[in-house]
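When the chains are written out, they are named A, B, C and D in that same order, and each has its own residue count from 1.
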Amino acid sequence: MSLRTEPVTMNVGPIHPSTHGVFRMRVTFDGEEIVDVEPVIGYLHRGSEKLAEERTYTQVVTLTDRMDYVASMTNNQSYILSVEKLAGITPSPRGVWLRMIAAELQRIASHAVANGFLINDLGAWHTPLLYMLREREKILEMFEMLCGARITNSYLRPGGVFMDAPDQFWPALNRFLDEMPNRIDDIERLLTTNEIVLIRTQNVGVLKKDECLNASITGPVLRASGVDWDLRDKNPYDYYDQIEFSRPLGEIGDNHDRFLVRIFEMRESLKILRQCIENIEPGPVRPKEVPFLVRPPKGDSYVPIESPKGELGFYLVSDGGISPFRCHVRAPSLINLTLLREMVLGDKIADLFVTFGSIDVNMGEVDR
Amino acid sequence: MFGFGLIKGLFVTLKNLVGPTFTVQYPNKRVGLIKASKYYNKNPFSLFKSHPLEGFKAIVGQAVIKEFPDQSPRFRGQEFNWFEDRCTGCASCAKYCPLGIIEIVTHPGEKNIQEGTSYDIDVFDIDIGRCMFCGICVEACPFDALHMGSGFERAIEKRENLVISVDELRSAEKRPSTWFRPQMEKSSYEPRNEKIEDSHDVGRHEKPSKEELTKRWVNER
Amino acid sequence: MTKCFSGEKICELIDEINPQSVVSTNSDSVHIQPESALSVFSELKNKENCQFNLLNSLTAVDYIDHFEMVYHLTSTIHNHSIVIKIICGEGRKEPKVSSVVNIWRGADLQEREVWDLMGITFENHPNLKRLLLWEEFPGHPLRKDYLR
Amino acid sequence: MNTVLDSVVFKFIYCMLVSSDECANSFKIIGSGFISEKYAIIGFLITAFFLIFIIVNGALVGVLALIWGERRLVGRFQARLGPNRWGPWGIFTPVADAIKVMFKEDISPTLSDKFVFILAPILMVVPVLMIFAVIPFGEATFLTDLNVGVLFVLAITSTNTLSVLMAGWGSGNRYGIIGGLRAVAMLLSYEIPMALAAVGVILMAGSLSIIQVIESQVIPYAIFQPLGFLTFLIASTAELNRSPFDITEAESELIAGYMTEYSSMKFGLFYLGEFMATIASSAIIVCLFLGGWKGPEILPSHFWFMIKWILMICVFIWFRATFPRLRVDQIMELAWKGLFELTLINILSIAILMLIWPDPSITELWIMTGIKWIVFFVSLWIFGKLLGPKPLQKNGVARKIVLQK
């Protein structure tokens, strides 16, 4: 006997506890099953690209902070790399090492937030989230030592970073490196063998290798599907070519793989940080000859980097003036949303939020 | 066995139950006798004499003391610190501010000669309500006259009051942050505990004397 | 290290597919004709020595007298990348290019964004609606002549 | 059958009021009261009212304490301080909460079915209060001793389902409806394992009276029949809508489920009912499985009951702080494919053991306990294999993350 059912259409968001910001989905349910999903975005659109056309190259750094606000350092890094390529600036070695340290710390922080909120979407009453935020807090304190701000850093400048790390930074970093593996172990003990997490996340929201590549999805989501594509390894920027690290790859590409890949990447970032500390050498953090007002020649540049969410690149066009003629952001969060509908069709309501959380989008970056 | 992962998870939370917390009781912390007497810098017995109420509260662990979270000296906070002696009124800060929230009105004067001519400041308004504390104005200041502050408790009731005027800047307590001022960092200066009144202490270079100025700007030209 | 092809190399690659397609060659990119773009792109994706299976970025630039579409393509198999540009809407008249959603699914949201902010129409796009702004929004804000 | 009159507290107050020979005998010091035996019913009513007053207000104070305890304890589980502003250690936080809830605007949505909407929160609280009638808070301290006490509890708790459905339907909100329907499916399913787990206890005790059940526990039933205890614990967690079975409210999915549209005191009543249910349910578990007021005689029986009670509530809070939520189909699967069979195994094994030892001595009881533990582990292993997270492997190889060098 089959019951006659009727689909129900519902607006999930923009104000909803687990849409990670102001994301709205027009979802059609049939009972508990999802029939259709249509993402509706733009609630946080601030026109960063237009604003960038009226600011000098240094001032745009403050705009990039606000795009992906849980990973400002990597945003800065991507933008600065693009400006350096455009203006032909050779950065100081110490500045580059410092910004690599900042970027890897930021990656740990971002992955911690992603995994914490993923478990929060599973309904874990905030406990793993708060454990993760506790670790992020230490990283933010280190950022405060570096540049006086915790989230909107604006730490990088064309040519390096604006200021050398203070003396108390290095002991704090070493303490963090010693403690963090134990903390990750704790999280793994709490979650990766947890039967409830396993049955909730395994074989849910599966992304196939080819679909994933074809939809331009990058970052941990792509690697969880089994594609070995990490720009730090394949197209090394900064001094990543001098560093050895391994890249965790998933097999199936479900939510659990994405969760695990992020956990493993946190460990790899710790390795990279240790090598950065070994390699860093004294010297100026920013070449003296780089002016405060950068004035690049005519041309365009696009330098993609591996941000915690995926491939992040700034396409800058210069007309020879003090501000970019066009500044386009290739935002990984936005493009990773492409296949959301295909991922959740036929799943239950509860899986919708878990899958959405496992893509790890940031609405500040989606809407810009 | 089924359920083993759940039990492991239960023990992780149990470990954190007895472990330390990572939040602080800002701004008032409730403490016991030992910490309270340390805070008032007394021994526990004389605490009862000087602060009887706090002493009794401390017996049940309820004495109130101030507690602040740790703060880096580079913290980019509110209450901009401005040293008028160093300012020449060049308005670089106003030019480089991404949001254009600094307003400067000057007239030519004799008061603050740094290198060459100078202007006296009539208006120096900073609209803190729109400020995003990027610190580019501080970076742009050629004479180290403007510094970020170190405070963060400037919640007020009216939006108009968020505009800092020149008088406020003059009379404010000077606790400049060491952000973009490496010379202050070398002397291990802590904005939370120390004040700086003398404008000589904050600059990268000393204020030139009249003779030097004459030599540089009159004789060498 | 990803090998970025120079303009001449890209020109050679495209000449193998469609000799009339290339309009001009820069140091690191080529301009191709909008009419033959779709066939060139599908060949670039499938041809043995190209295999550009990842569309990194798709965007448009307003050069005041014309619009320019910029495609950044990468092959994860050979680890090389190219930049292809298409000039469209000469004299700011109804810029129009054909959509590449059927070749790279990843172009979906990016093309909608370009339509929303720059006002370039993509032919054969399955769902060309505004993405970031609301439907009734007047104009396309990233154009240089857009005034509030 | 023990009647109301057997309760020590009741007798005490009753005899202060009513003058009768029976009372004069049992409480010699007090003697007799001032109401003549002719109007004894008045004394009875006054006493009953007084006791109910105590129990209801005691439950309310208990809820306040639980709100504080839960927030504080969950805070500590999450390595933070928890509420600490109002009063020492934040103990007045629930009072501040209550005042806030009372003074909020009472909104009822336009699309709501007003009658159902208003009735639902009331229906949530009343049945839970009725459970307290049969709980013995210590030796000979109870309101009444029903000879069908366990049955009464199971029957009363299932009325919660109705109120949740009414709330979900009446508020005219789609989140509410989904929450309400989920509640019906889940709560009805978990009634069965809960009742069947209680059957194991009843079989051993030979009575449905809660007092009899407690008195029959030489070894606490939690140790004697771990399978029954586990299933009853899981089922009652589900009945309470607490994590990991909180799909009816499901903050991350349905915002607040059936109480999305409720505000002010109506919301307060739901809150009250939920926390009161936790208290009542912990008391039931203590009575049925942890030996009730029994304990070494260094402390009075009431203390033992309180200690066990509070520990049981802490276990619920511990669960809430640790576990993620299950999905709705997995919850139903657990109820029908897992707990149902486990309870049947429990009943069967007890029945067989009781056939072998109809009147067990202490040694025989311990032997039975050993056998029960073996059954516990074996059945849990089998059901873990059948129902646990299956596809840990892909093509027979354990799945892992490959580290590409």
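In the analysis below, contacts are C-beta pairs under 8 Å (C-beta built on N, C-alpha and C of every residue); 3 or more make two chains touch, one makes a residue touch a chain.
Small disclaimer: the values here were computed from a predicted structure and weren't measured.
Distance from each chain's C-alpha mean to the overall C-alpha mean is smallest for A. Most remote from subunit C, judged by the distance between CA-atom centroids, is D. Averaging C-alpha coordinates per chain places the centre of subunit A 44 Å away from that of subunit D. One simple way to say how far apart two chains are is to compare their mean CA positions; for subunit B and subunit C this gives 49 Å.
Per-chain Cα centroids separate subunit B from subunit D by 54 Å. Taking each chain's centre as the mean of its C-alpha atoms, subunit A lies 31 Å from subunit B.
Contact of a single residue of subunit D with at least two other chains is seen at positions 77-80, 321-323, 388.
Residue positions 2-3, 6, 9, 12-13, 16, 22 of subunit B are each in touch with at least two other chains. Touching pairs of chains, sorted by label, consist of A-B, A-C, A-D, B-D. Taken in their complex, subunit A has these residues touching subunit D: 8, 10, 16-18, 29, 32, 119-127, 130-131, 134, 190, 194-200, 202-203, 228, 246-252, 257, 260-261, 264, 348-353.
Interface of subunit A with subunit B (complex): residues 55-56, 58-59, 61-63, 65, 127, 131, 134, 137, 141, 144-149, 152, 154, 162-164, 166, 168, 186, 189-191, 193-196, 198, 292.
Residues 74, 77-80, 174-175, 178, 182, 243-244, 246-247, 250-255, 320-330, 388-389, 391-392, 394, 399-405 of subunit D are the ones that touch subunit A when the two sit in their complex.
On the side of subunit B, the complex with subunit D involves touching residues 1-3, 6, 9-10, 12-14, 16-17, 19-23, 25, 30, 60-62.
Across the complex, subunit A meets subunit C through its residues 41-42, 45, 47, 49-50, 211, 213-218, 227, 229, 234-236, 241, 300, 302, 304, 311, 313, 315, 317, 325-326, 328, 330, 334-335, 337-339, 367-368.
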